[in-house]
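Pasting in a structure now, in structure tokens, and then I'll have a few things to ask.
Note that the chains take the letters A, B and C in the order they are written out, and that residue 1 is the start of every chain.
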Amino acid sequence: MIRRERLVVETQGRGFRDLTARVREAVARLAPDADGLAHLFCRHTSCSLLITENADPDVRADLERLARRWAPDGDPAYAHRIEGPDDMAAHARSVLTGCALTVPFEKGRLLLGTWQGIYLWEHRTTPHLRELLLTVLT
Amino acid sequence: MIRRERLVVETQGRGFRDLTARVREAVARLAPDADGLAHLFCRHTSCSLLITENADPDVRADLERLARRWAPDGDPAYAHRIEGPDDMAAHARSVLTGCALTVPFEKGRLLLGTWQGIYLWEHRTTPHLRELLLTVLT
Amino acid sequence: MIRRERLVVETQGRGFRDLTARVREAVARLAPDADGLAHLFCRHTSCSLLITENADPDVRADLERLARRWAPDGDPAYAHRIEGPDDMAAHARSVLTGCALTVPFEKGRLLLGTWQGIYLWEHRTTPHLRELLLTVLT
């Protein structure tokens, strides 16, 4: 069986938003007591969905430092500069880190590891409204 | 219910092939009026499947420029050089950007965002036939 | 229908463990004669699951060389250093290369391409026990 819900996430410019609690709550509500897979999809090309360490905020700060090397803002090699120096960098970060996740659950409870959190990573420097689709397969 | 179709994509050396229309058409045909998830899988280790910006071709050109930094062709550090300077670079690009995508659909219509396109990224410099498997879950 | 199995993988420090045979065997056992998707999920943030070339071990050695550039051990920019110089590097490698895979199968047989293998990539320099969840959808 397929159940789906739309999640809207407000970002405040570049940085991470922890979605773990929202996804846990939605899966528990859509599929209480069921086993299955939860698929989270982001309908944008300049932010990412990722799973990473949930305990030390320094991990996310360091990921941000590394991403600036992987795809520098305002790199002179870029041809795509329409929306500013973070525009092409954001598309590249999104390609490198992905726009979808699939996570198993059991009896309505996400089977994340102890140290795993689900994050939206906003790559644009200005605030955005991001639309996600959560699909629950049981 | 599971339905599956094989897609063959002819590439013309390194570059992007837009698969959005083909995937849209196949999902609409395999699961008209149904809700579900479409999974696209590439059976190769030297090309990628990715979702990126569909409007400005400069974005793909810039991704190509960045990929040459992430995994340079003919890097002196490579031990794997069997098929030429693009061989190991292609495997590394494939690992970084992935060989599978899962996209939600509703009533047979893919729920991509306005600016999202589905692309095969050929990483080898010579033309190849690439075999993809589209699996539709409803 | 959903079937699930837990796989435990013992790693011996940084490097690749070939899981292809174990995943093939488990899918054949859980869903003999059925068509579907196999989802493999790693419950950790410092190792990866990936599909890459299965013939020449030099490919994996070269991926390791590249990963040391993508996320250097002990980089002076890192704030997260709790567990040593490989700690933050391991989280970054995991984000770049992913912690889950979805692979199609037919009549209980994984539809990997000829040159595709499924690997766990341990990013920590010391041995770890890694817990994976294999979910089979038919």
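Throughout what follows, contacts are C-beta pairs under 8 Å (C-beta built on N, C-alpha and C of every residue); 3 or more make two chains touch, one makes a residue touch a chain.
Please read all numbers here as calculations on a predicted model, not as lab measurements.
**Student:** Given that chain A and chain B are copies and touch, would you call their interface same or different according to whether over half of its residue numbers are shared?
**Tutor:** Copies use mostly different positions to touch.
**Student:** Quick check for you: after a Cα superposition of chain A on chain C, what is the rotation angle, between 0 and 180°, in steps of 5?
**Tutor:** Result for this pair is 120 degrees.
**Student:** From the mean C-alpha coordinate of chain A to that of chain B, what's the distance rounded to whole Å?
**Tutor:** For chain A versus chain B, the centre distance works out to 20 Å.
**Student:** Give the residues of chain A touching no fewer than two other chains, as numbers and ranges.
**Tutor:** Residue numbers touching two or more other chains: 70, 96, 98, 102, 137.
**Student:** Chain C touches which residues of chain B in the complex?
**Tutor:** Those in contact with chain C are residues 2, 4, 39, 41-46, 70-71, 77-80, 82, 88, 91-92, 94-96, 98-100, 102, 131, 133, 135, 137.
**Student:** Which chain B residues qualify as touching chain A in the complex?
**Tutor:** The touching residues are 35-37, 50-53, 56, 58-59, 61-63, 65-66, 70, 96-98, 101-104, 106, 111-116, 137-138.
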